[in-house]
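I've put the structures underneath this note.
The same subunit A turns up in both complexes below, where it pairs with subunit B and then with subunit C.
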Partner chain A sequence: MKRATFGALISHWQKHPLQLLALVVGLAIATALWSAVQAINSEARASYARASAQLGFSGLDVLIPENGTIPVTSYVNLRRAGWKLAPVIEGRWRLPKGSVRLIGIDPLSHPSASALTDATTFKLVNLTSPLQIFLHPNTKEKLDGIPDLPPITLTDSLPTGVVLTDISIAEQLLTHHGQLSRLIVLQNKSIGLTPLAVLAPNLILQSANGSQTGRLADSFHLNLTAFGFLSFAVGLFIVQGTVGLGIEQRRNLFRTLRAMGLSLNQLVVLLLSELVLVALTAGGIGLILGYLLAGALLPDVSSTLNGIYGESVEGELALRPSWVLSGLGMALFGTALASGHAFASFYKMPILTIPGFQSRAHTAGTGYKMMAITGSGLIVTGGIAMVLFDGLLVGFALLAGLMLGSALLLPLLLSKILTIAEKAASGALSEWVWADMRAQLPGVSLAMMALMLALATNIGVGTMVSSFRLTFLGWMNQRFSSEIYVSVNNDEQASELVNWLDSRGVTSLPIRWAEISSMGIPIRVYGAMDHSRYRKNWPVLQAVETLWDDVFIGSGALINEQLARRLNLWPGDELALSTDWKVTVSGVYSDYGNPHGQVLVSLSNLLHNVPDVPNRQFGLKLPLKEVPALMKELQEDFDSRDILAIDTTDIKARSLAVFDRTFIVTGALNLLTLGVAGFAILTSLLTLWNIRLPQLAPIWALGVTRRQLAWLELLRSLALATLAAVLALPLGLLLAWVLLSIINVEAFGWKLPMFLFPMDWLRLLGLAWIAAIIAAAFPAFKLARIKPSELLEVFAHER
Partner chain B sequence: MLLSVRSVSKRYSDSPETRAVLCDVSVELKAGTSVALTGESGSGKSTLLNLIAALDHYDSGDISIDGTSLTGLSDKARSMMRRTEVALVFQQFNLIPSLTVEQNLSLHARLGGRLDLEWISTLTQRLGLSDLVDRYPEQISGGQQQRVAIGRALAVRPKLLLADEPTGNLDETTSSEVMKLLMELIQTSGASLFLVTHSSRIASQLERQIHLSEGSLQ
Partner chain C sequence: MSVKLLLVCSIACYPLIGSAQGYAGLGTQVSGFSNPDRSQALKFPHDHGAHPDFRVEWWYLTANLKGTDGREYGVQWTLFRSALSAGNPDGWSNPQIWMGHAGVTTPEDHHFDERLARGGIGQAGVATQPFTAWIDNWELTSPDETLNNLTVTSSSESFAYDLSMSANGPLVLHGDNGYSVKSANGQASHYYSQPHYEVTGVLALADRSVEVSGQGWLDREWSSQPLEEDQSGWNWFSLSFESGDKLMGFILRSENGDFTSGTWIDADGHAAPLQPGAFQAAPLDYALVEDRTIPVEWQITLHEKQISVTIQPVNRQSWMGTLFPYWEGPVTISGSHTGRGYLEMTGYE
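Up next, the complex of A and B:
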């Protein structure tokens, strides 16, 4: 009995293979997008954990300074008090070919790290001269051409982008003399010892369970997760549509089965098993797709994380059982979520009545109102949450409320618009077309929601990225105001270079900086000489009136926006760079794409506090057309090992390349989401096909040709897509605003001006049209070629 | 002659039956007259009606309406024929569910470019639909729906009205009401009527009766 009934239930899908295909593909795509993002995230997380273990940092508490750095004397005092600590100096070591993370440790006290217990390394550290640097073979390239380096040992057990060395070497390379970045606490039992809080009140104890990665990388992952979730949601629209239809179309069958003595519960169990079967199959396919997708996206993600956030993600994509399980779980959960409504209505509706399509269209009105009320509620809730709380998660909650709420408002809006269009229509045919579209709305509104959300996401994220890019470009042109940057290796070469430039009448500005660390935040302090270049070009956001005078007198400082937001310091506030080096913030400037803090003081101020700041970089001002000649002369007159000259056009191009790579992933997810929405339209049109003929046949009988009907079908789809696109525009712009002004500030620490890109909107409208045409093409083609007898069947008496 | 059907034969290619559904059928109808076509279920009545309405193609013979032969007529021309010259009433009413009664009533006339508001309001009144104009088809009874269908068909002032068992889905009382209205309005509009029915009582109300049996006229 069970078997036979299950067979009868399943036979529905044999009759409607397209429906089944839509269901499986929808669910598979949803699972694929979600699990691809999860795979990328867990890969990155595993890689961070690996790096942390390799460096011996995992599982131990750390002392960090409240501001500035930790003087060696504090360390010595704590050691004397009986605390077992391992000192670490860490900073970014900027090299001509990009920066690396330089970590200086004390090989004797450092906790066992796989990088150090590696047999050969261990020997080298302990037995031979400790004055070496260790790095992964892949990092080596960045150090090429750097003179006067200690011997290099290559080891696979370090993450790329990290240079590990003795603390004394790091001190020199980073010019952090007598200053430590942090202290690793080697024992967790402190019985009998004076508490750290008493001994060192200005050091903060950070627990081992704290985040291993920077806030920036965290927020990047959060972004990815949000995208994955959105794509998942869009995929579920397809599932909901097909499951609902599958139940509705089988109402007759259910009635027969019930009449044969099957209980309602038995029927539900059978239907559930059918769904679970579908969910697991589709989930499995989705996992395979997701794995492939993640594999394809991972290189871009890791270059993004590396380029912008300084985190390195390595290794092949691994197949984790937890990932497989969570992917399948998500498929099941999604199916349950998407079919919940259909099942609820299944319980509620009397099984003996077969509601036709027509009544669905008219009872839908109240449903739309309920949805619209819920939607408005969601938007308002998101807004209130934003006002009451802050933080990245609330920003995302606001986004979710906005998106979901607007989606729920869509059917009511569309139905109102279509009613107005119908009233305004002049011809009988166009009047019918609008009325018919409204009647069809219950069947296509889910697909329309999916399309609108996908378009809005595209507009929102596109606007954010393009605004960011434009601002970034402008900022680069201001900041890299010199045509050539030259760096040399020592002070003699520097003075030789300056003389050489003077004799040619080329203006050169020294660029000198020191890496310090305040409150555990790495900060780079620049010393600037008074020059119109700063006064004219610096991208200042907020400043006191006497900004540049204050800076060049030596009392003021300019800080970048990231630092300002992170420490909540604004013009007029005081900034402590170390215990006895304090400056007043006179202005804040934009510094996009840089995760670290920056401070600009006068050169004399910098030299006063950090006397041995090297003088090795210069910015050269000259007309653009003389750049190639001077570059050539520089190469001819100086030894290439002594000097490195960079044409800034080059830097700009490279920075832009890094920037563009960052958003490849979001771009890809965006397009995929749009594709899913297009697929949702196709499936809804295909599944509506059977209900469609009885509506079209009477119009055909009144003298409208099949070809005309087919064209109308296409136009209808285009009109709906256009409506969705038009409604998506304001939503997308709102989304962009939230991303730029709320999420960005929370996640990255800078606010971006918003620019509008109407050409992009047109391109998107074009894409939406293409999706709509592709989706409607097959049904329209079928309609144009349909045999009259098929249409006549509608009028046949024996229906 | 308004309608002339000459030696028309029709066979459904995808039907398991090999014999023709219509075999050498000929019938003529003068303008302003009416004919009732009776016959068993499955005898081919609807098939013949659909051929006359240019909804389907015949295999041989010829049908001409008001002198225009349907043979070799393009799909577009056939559609134009249905928009203006010929109107249909089906057993299933087949109103457009997404349009109101008022919109349904005027739809055909507007499609045919023959909107005559005065005529439509006369029809609406005579058919007793004045209070229902804003309703949707699903919100009115079967008899009312069929009255709308009749109004819709006559609104275009067709030369020929084709009705396929227009009362087949209605109970006896409603059926007589609808027939009465139909006959009156046919008179008023001056259209010819070709009506398919299996009821001899209804057939007797028309000027002429013909009988179809196993695809041939008796």
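Up next, the complex of A and C:
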């Protein structure tokens, strides 16, 4: 009996394979997008955890300086007071081929070393070699050609871009003599120790979980998750439509089965089994798709994280059981959510009621109002959260409230607009078209919501990325004002280069900087020579009037926006670079794409406070048309191992490439969301198909041809898409504003001006139309080719 | 390769640790260091301090104590110096590695802790004016440049002690005026002791704090290759008889025959070196300690002084599970003479 009943239920899908396809594809896409994002996130998190465990810092508190660095004497004093600590020197080690993160440790005290007291290690230590440096094979290339390096040991256990070595070597390479970056607090329960707060009041105890980069990268992952969730939600619209249809169309069958003695509970169990089967199948397909998608996106995510936050994600995508389970779970949960309403209405269905079409528009009216009230409530809640709290999460809460709230407002808004249009329409046919559209609203409103959200996201994210890009381009033109940048390996080569340039009459501006660590964060301090290049071109955001005079006198300093926001320092405030090196902030400049703090002081100020600042990088000023010739001469006259010359146009192109790569993920997700929304329209129109026939038949009988009806079908779809797009525009712009002025500041540390791109909106409208036409094409085609007998049958079966 | 292993490799750069020869690499010939010189008379207080041109050196204090609770205690405090190369410049590039070991032994428990530091930054070292030897917050200090009156402190998670010691006898120079031969081929070290300390102080354990008193023995030794390449370890005895006489004896173990030597110190502090082979020690009983079979009971014979005694440990599990593990603990003496002492056994793999 059960098998036969199940067979009867299933046979519905054989008759309507397209519906089944829509259901499976909708659920699979939703699961795929969601699980792809989850896979990327968990891969990234695992990668961070690996890196931090590899460096042996996980789970241990750290002492960081209140400002500047920690003198070795402070470390020794704390050790002599009985505290077990491990000193770390860390900084960027600049190399001709880019910089690496250099970490110097004392193997005698480093946390992993205390575990060396077992007998097995005694056998391991038979290697006799001088002090060495350890790095990942991928990092090796950057060190090629560096003279006088200690022996290199390659290891997979360090993250790319990190060089680990003994503290004495790191100290020399970073010229951090006698200064430490931080002290790791080792497990310490010795009897009767004086508290650290008493012994070292100017050191800050940072608990194991409070790292700065972790928080930044988290914001990116939150961003991804939000995208994944949005896509999932859009996918569910499809599922809801098809499940509802599947139940509606089978009411006759259910009635027959019930009349044959099948209990309601048995029927529900069978229907549920059917759905679980579909959900698991679609979820499985979705997982495979998600895995492939994550694999394709991971390199871009990695470059995004590297470019913006300085974090690196490595390794192959691993298949984690937790990921598979959560993906399938989401598929089941999503199906349950999307089919809940259909099931509820089915459960309440009186056994012998004839399934029929009712004008659902009338009953829907009160529903719209409830949705609109809920929607307004969500928007207001988001706004209130924004006023009351701050932080990245609140920014996302505002976004979520805005998006979901607007979606819920949409049906009421559409229905009002259609009523107005209906009233304004002249002629019976056009009046019917508007009224018909309004009647169908309950069926398509979910798809419209999906489309509007997808369009708004596109406009919002697109506006943000394009605004960012435009600002970035302008900033690059100001910032890279020299025509060629040259770096050499040592000071002798530098003086040789300067003489060579002088003899050719080329102005060279030295670019000298030192990496210091202040308040536990690495800061790069640049020394600038007084030159019109700075006074004219530097991209200053806020400054005192005497900005450049203050800087070149030596009292002032410019800091980048990231540092300003992180330390809340603005023009007029004092910045302590070390205990006895204090400057007044005289201006703040924009420094996009840089995760680190930066300070610009006069060269003499820098050299006074940091002796031995290498002089190995130069910016060359020359007429643009002479650049290729000079580049060629530089390459001919200097050994390519000693010198690295970059044409500014090249830097700009490369930076822009990095920038564009950074947002590939966003773009890809954007497009996918739009595709899902288009699919949602298709499925809802298909859903409506059978229900619509009884409505179309009388119109046809009144003399409107099938071809005309088909055209009207297309036009209706276009009109709805246009409405969705028009309503999506203000929402998208609001979204862009939130992203630029709230999320960006919280996540990246910089605020961006907003630019408008009307051409992009038109392009999107075009895309929305294409989606609408594709979605309506099949029903329209079916309508144009429908047999008159089928339309006539409507009257024959008139209920 | 984990960071732990990386660290091992980094540490491997340190010759003492990274050598295959003899216990803790003490049998490895490394160039660039000074070698012990028989003609070089010891000078004090200069020689109480560090000799950074020699490869290894130690300040080694052991004490047999009795608590007011009537229990036996043994205390160890040691500062080792091991140089990657000769010299003692300031800063992290200093090649001197310092290692501190502290231990407290009771009949039931054996507690130990270890500290590591590198020279050049002040975290560990030895000063002579006044005499101070330290690593982190463990200190051995004197009010003046002599070793006559010392205080020693150490603390760890499971124990802490603060002891005062005053010497009631002269320094003892071992071997030929402090030139102590360690093998038939002439490997040697500079070696002297102050075995005459009266000790009082306080010892804290996790569950109690107790006043203690007893006798202490300080060894000072430095060399650059104190062992033959084939010598795998040593057994070292410092014995204080109730008669007031003392005996220091050691066996350097080798496949090619053991090398024994020692010093007889009579009650008034007069010291006489023993001829190689005169000091005899034979294991009587073994204990399984950390998966090793270690001879913890000994029969000691010194015919010329009519010594025939049995040595028994206060705690058979006196294992120092440090970077270079060894057995070190207090012992009691019975037989022809009675008394107390300390036993150190290294090189048991």
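By our rule, the second predicted complex is superposed on the first by the 688 of 799 C-alpha atoms of A that agree within 3 Å, B and C clash if a C-alpha of one lies under 4 Å from a C-alpha of the other, contacts with A are read in each partner's own complex, and residues count from 1 in each chain.
As a convention for this text, contacts are C-beta pairs under 8 Å (C-beta built on N, C-alpha and C of every residue); 3 or more make two chains touch, one makes a residue touch a chain.
Values in this document were obtained by computation on a predicted structure and should not be read as measured data.
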### Task
Kindly classify A:132 by the partners it touches after superposition: subunit B alone (first), subunit C alone (second), both, or neither?
second
### Task
Please determine whether it is subunit B or subunit C that touches the greater number of subunit A residues.
C
### Query
Where does A:406 make contact in the superposed view: on subunit B (first), on subunit C (second), on both, or on neither?
neither
### First (subunit B), second (subunit C), both or neither touched by A:792
first
#### Entry: Which of subunit B and subunit C A:432 touches, first, second, both or neither
first
### Message
Looking at A:160, would you say it contacts subunit B, subunit C, both, or neither? Reply first, second, both or neither.
### Response
neither
### Task
Answer with first, second, both or neither: which of subunit B and subunit C does A:107 touch in the superposed model?
second
### Query
Given the touch rule stated above, what does A:707 touch, subunit B (first), subunit C (second), both, or neither?
first
### Query
Looking at the overlay, does A:699 come into contact with subunit B only (first), subunit C only (second), both, or neither?
first
#### Entry: Those residues of subunit A which subunit B touches in one complex and subunit C touches in the other
none
### Task
Would you mind writing out the residues of subunit A in touch with subunit C in their complex?
54-56, 72-73, 75-76, 79-82, 84, 105-110, 112-113, 115-119, 121-122, 124-132, 134, 153, 155-158, 164, 166-168, 171-172, 177-178, 189-192
### Message
Looking at the complex, which residues from subunit A come into contact with subunit B?
### Response
356-359, 361-362, 427-429, 431-432, 435-436, 438-439, 695, 697-699, 701-708, 788-789, 791-792, 794-797, 799
### Sites on subunit C touched by subunit A in the complex
1-13, 15, 17-20, 91-93, 97, 114, 116-118, 121-123, 134, 136-137, 155-157, 159-160, 204, 290, 321-325, 349
### Residue ranges of subunit B touching subunit A (in the complex, touch as defined)
12, 14, 41, 46, 50, 53, 55-57, 75-76, 79-84, 88, 90-92, 94-99, 103, 106-108, 110-112, 136-138, 164-165, 168
